[in-house]
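Presented below is the structure to which this report refers.
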Amino acid sequence: MEVLPQLIIESLLLGGFYSFMAIGFSLIWGVLGILNLAYGSYIILGAYLGLILFRYAGLDPILSIPVSLFAGFLFGVLVQKLIFNRAMKLEPFMVLIMSFGLDVLISNALNLVFKADVRSITVSYGGDSFIVGDVIIAKVKLLVFVLSLLLALLLYLFLSRTWTGRAIRAVALDREGATLVGIDPAKIFLITAGIGTAVSFSSGNLYGILQGFTPFDGGLLTVKVFLISILGGLGRIESALAGGFLLAFIEVISSFYLGEGWKLFVALVVMVAVLIFKPRGLLGSKYYGET
Amino acid sequence: MSLLVIEDIHKSFGGNKVLRGVSFSVEKGEILGIVGPNGSGKTTLINILSGVIKPDGGVVVFKGKDITGWRAYRRAKLGIGRTYQITRLFTNLTAFENVMIPLHYGAGEKTSVRRIEEILETVGLSHKIHSYASDLSLAQRKRLELARALALRPELLLLDEVFAGLNPVAVQEIVSLIGKLREELGITVVIVEHVLKALSQLADRVLVLAEGKVIFSGKYEDMVRDKEVIKAYLGERYGETA
Amino acid sequence: MAKLNWLVLGTILLLYALPPLLSGYWERVLSSVFMLTSLTYAQNVLLGYTGYPAFGAIAFFGLGGYTTAVLMIKVGIPFGISLILGGMVSGLVALLIAPPLMRLKSHYFAITTLALQIALAELSANIEITGGAYGINLPIYKGFLGTTIFYYLFLSVLLLSFLTNLFIERSKFGYALKAIREDEVAAESSGVNTVLFKSVSFGIMALITGLVGGVYAYWITYIDPESMFDLLLSVKMFVALLFGGVGTVAGPFIGAFSLELVSELVWSEFIEFHGVVLGAIIVLVILLLPGGILKSRG
Amino acid sequence: MRNLLLFLTLLIGFSFSAEVLKLGAAVSFTGKYAKEGDLLKKGYELWKDTVNAKGGIKVGDKTYKVEIIYYDDQSNPNRAAKLVEKLITEDKVKFILGPYGSSQVFAAAGAVEKYDALMVQGGGAASKIYKQGYKKVFGVFNVAPDYGKNLIELATSFKNPAPKTVAIIYEKTIFAEDAAKGALEEAKKKGLKVVLFESYPKGVQDLSSLMIKVKSKKPDIVIGAGHFKDSVLVIKQLKQFKINPKFVGLTVGPPIPSFVKELGKDAEYIFGPVQWSRAFKYKDPLFGSTEGYIKAFKEKYGEEPEYHAAGGTAAAMSLQYALEKAGSLKVEEVRKALLSMKLETFYGIIGFDETGKIVTKKMAVIQIQNGKPRTVYPFQEVKPVYPKPEWK
């Protein structure tokens, strides 16, 4: 069996999901300057929401995406208002630690409600695969890939075509400048936190279709979205895409050739190198707040 | 021999060429003013001289030594002191401590209370010796920053817009202070300034930077009549603010 | 403020006399408290005085612990020497990586040290000498003083880290660090070799943290990547530091003691809820007490 | 005044509690072992209630009611050690029921060995536990290598067609690596060709690269050693990649009810070793028989017991009968009683070697058939299905 085509397909399928998953994190970081370590737990929250809708309302996880987008938006705005707004004048790393506290809180609260059982959203059409020549494509992965890119495209159109989207990008690039042209950053922060969290919730939906999850899975996901944001750079959809596909590629290749156990290590080493030697990410877009 | 010689300094940020081949020299005991419209590269030049940033090309020679690749702290020890356009004090430390640090690490002197008082006295701040830097007024902060530079026992003092934001009385006080430093301590001064009036009283010689190049070097009186200089300023929106 | 520092020193010295009055449990609780306090003091050198938040400082806890354990078990060097070597290896590694690493600031620095911590955990799970996921078992210590020896060891590391902080607070060396904290560019143009001093500061943090890790390894008798590179420990250390007061000599002591003792007494009452409570405490400490109980200037 | 009253109440309470034997357990209620910790506690609680309903434990001429003090070790070894020390020195407990997880067992053992105390545990299966020279730590779980060994034993007993190659993949944890090595050794012994022996990290979320490797090796047997979550992932991805070995065995997962719930039809015909199975047919001094135990468990919790809970009950029972046999609360006497024990229980024959390891008990292997874990080895509840049909 020729493995390289299979490895490339795997990287692409995984990369699509990674990219979408990281957009919210990257957006919040790029626009608000908040490195939200609770993001992974947001994703898991979304997964549980998808599970509840699936189990108790019989809603197909694809159909529940609008619900989780909406719920995520509300949750994001609420958390921003109640917690992060009060902390935004503090040192960025203080906010970082606070967001870790939020992560501990959310994951333990989920554990109280759902216990540590592994849950998953098993859709009837999820198990099978297509065979194209030598390459096997799992249906469920393809589905998640397509949905991820579709949602990313919608978000891209929103950011580039609507007034609000342009205002968000303006604030990301130059907070003071945006204020001068009449944009209210406080409002933009709320909207961005909402959108970012909406992305995390809906990627939780997709995550739940892909695999099983427990309340404490958020940490590793946070590490991943962080890796993606550093590798690709911040604040643009393209950056998240570049970072997402790159991380997937690094993971798939290193785990095939070095062993599964090495993939996170390799990804982290690449990331530290990028941070030190090319701190604007490989695409070179701007980190907000950098002088 | 000139105290400071710089030759063909180049620097760009991203694709933006800020300095393109700047050369000049400063004689010992001289007060040199550097003026130019916004974005002409004045602050970049000061940063290159003090070692805060590295030039892309060119040479900086101080006291006969090629210090182009030296880091800022070594230049400080060698006798280059500076101030900043927006003061960069150790805000959560007292005036005493602000002066003590360069005295110890820069000049390598024993840090006696008397010596620190003396330095603060020079800039007229001895009554604020135990105040925190963050509690000082803008004029006092500028003086303290000057005192911190003086604690290095510098031979060359680089002043970056030291008058910006001060009222005329305070400007006048600092003008006479700088004059006094040159008279009494023989310190050479390079002063980047927007406030041209202050320069007219102080500078022995004035350099004009425009678009990363020296377009004029000479006496203040000649500068204000120079065609190139007038064009450079009037062509700019921001113009002369004196 | 100075009075408070002497009070802390007095308390530390008094604690040396306490073991005969303590049950094994309280000895262990206090040992944990000393451990957290030392880690907090180590971090205070870096964050409090130099202004760099090493969120992943526990990387050096693991490095020190693993070095100590490997030297003891695989090389056969006695504990005392292994411990000191473990601390030194941590410190040296930190010194070496500091110059490139410390070009990053604030949360970029924080998160890069965290990446380092996770990378080291992954590495130790993957290579042979650390026992991989098997970890390393150390023998149960049965010599002089029995396990009370660990109480004294932790307390001594605490004393050492306290004295280091006191020295930094008062010495010229400390002023170089404070200058870096206040304004790195200005420090450099005041003649401070910032790269050297911040690297040394990072090294001191790592040295103390590594020593604590070494004592922990022998004390707990079994180490594996997960327990030696525990993210929660990093966070507890930061919360203790922020709670007590960053950049003060007494703050870390007050912060770590109150956090650890309160949690010990209260959390056994909240078996199911304490994770939620811990999360809430972290959020609240930062929202309500961003300067800590003891405020350093500013 | 109120304090005095409180003190008096305590004093009175204390004098009555002379009839009570306090045991202690630091178990994970939160953190990553919260699930297993909860099951373990259920096992302990069922035992406690049953014993107390029958009057209590008879030690010498006294009969004690049992009380268990629980603490949450938060899945953290340092806390486990601290809490065991608290149980021993503050709560004056001499007999400890073990925590869940090998790391926690190690840490707790350190504290137990230090004092005049003793621990029986049904939560750690790492073989290293018995290589530390502990004197007062006993375990009722077969050690992890047995998990892999039993699977290979069963697989190589099939002849039609006989398997020739095996791929072993395992999670990088102390338990799983131990189990994988057990499988590896047995495979070599049985003359199988090991075409792949590779690990993946804990908390893995995708195994595609590894699956591509497995597929390219076309093994007859696939052994997955890990924990529940990655076991589910292994099956899902074997199917996605259309990898069809003749025998698929997982060390952890198949016996747990949610395995079938998660995987549905894809769980069919997967093999898994178990410490204990409902198909065991043993007599039991407390519950009557294995069947009796299952019934009692169902009555109390409304669900079938699985082996984590059974291990907990068995650990507590061995302690109980050692106490009764010793007729003394002296640790040294109880230890001797444990060392010479040979007791038939619902869980199997319980007997320990010098290191405290259980040596008289068999493991079993189950296979999922029609959505139920059915024991196929060594007790045969149903006939095993081999070779495994292709994925549908």
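Letters A, B, C and D mark the chains as written, and numbering starts fresh at 1 in each.
Everything that follows uses one rule, which is that contacts are C-beta pairs under 8 Å (C-beta built on N, C-alpha and C of every residue); 3 or more make two chains touch, one makes a residue touch a chain.
Predicted model, so just to flag it, every value in this text is computed and none were measured.
Where touching is counted per the definition, chain B and chain C have no chain in common.
Measuring from the averaged C-alpha position of chain A to that of chain D gives a distance of 37 Å.
Between the Cα centres of chain A and chain B there is a gap of 48 Å. Chain centres here are Cα averages; for chain A and chain C they lie 32 Å apart.
Taken residue by residue, chain A touches two or more other chains at 108, 111, 259, 261, 264, whereas all remaining positions touch fewer. The set of chain D residues that touch two or more partner chains comprises 30-31, 172, 199, 201. Annotation for chain C: residues 122, 125-126, 232, 272, 275 touch two or more other chains. Touching pairs of chains, sorted by label, consist of A-C, A-D, B-C, C-D.
Across the interface of their complex, chain C is touched by residues 29-31, 70-72, 74, 76-78, 81-82, 85-86, 88-90, 103, 106-107, 109-111, 113-115, 128, 131-133, 172-174, 176-178, 199, 201-202 of chain D.
Contact residues on chain A toward chain D in their complex (touch as defined above): 1, 3, 6-7, 10, 14, 108, 111, 115-118, 120, 122, 127, 129, 131, 136, 138, 140-141, 210-212, 214, 216-217, 220, 251-253, 255-256, 259-261, 263-264. Those residues of chain C that touch chain B in the shared complex are 172, 175-176, 178-179, 182-183, 185-195, 296-298.
Within the complex formed with chain D, the residues of chain C that make contact are 23-26, 28-29, 32, 122, 125-126, 132-135, 137, 139-140, 146-147, 216, 220-222, 224, 226-227, 230, 232, 268, 271-272, 274-275. Against chain A, the residues of chain C that register as touching in their complex are 53, 55, 100-101, 103-104, 106-112, 115-116, 118-119, 122-123, 125-126, 231-232, 235, 238-239, 242, 272-273, 275-276, 278-283, 285-287, 290.
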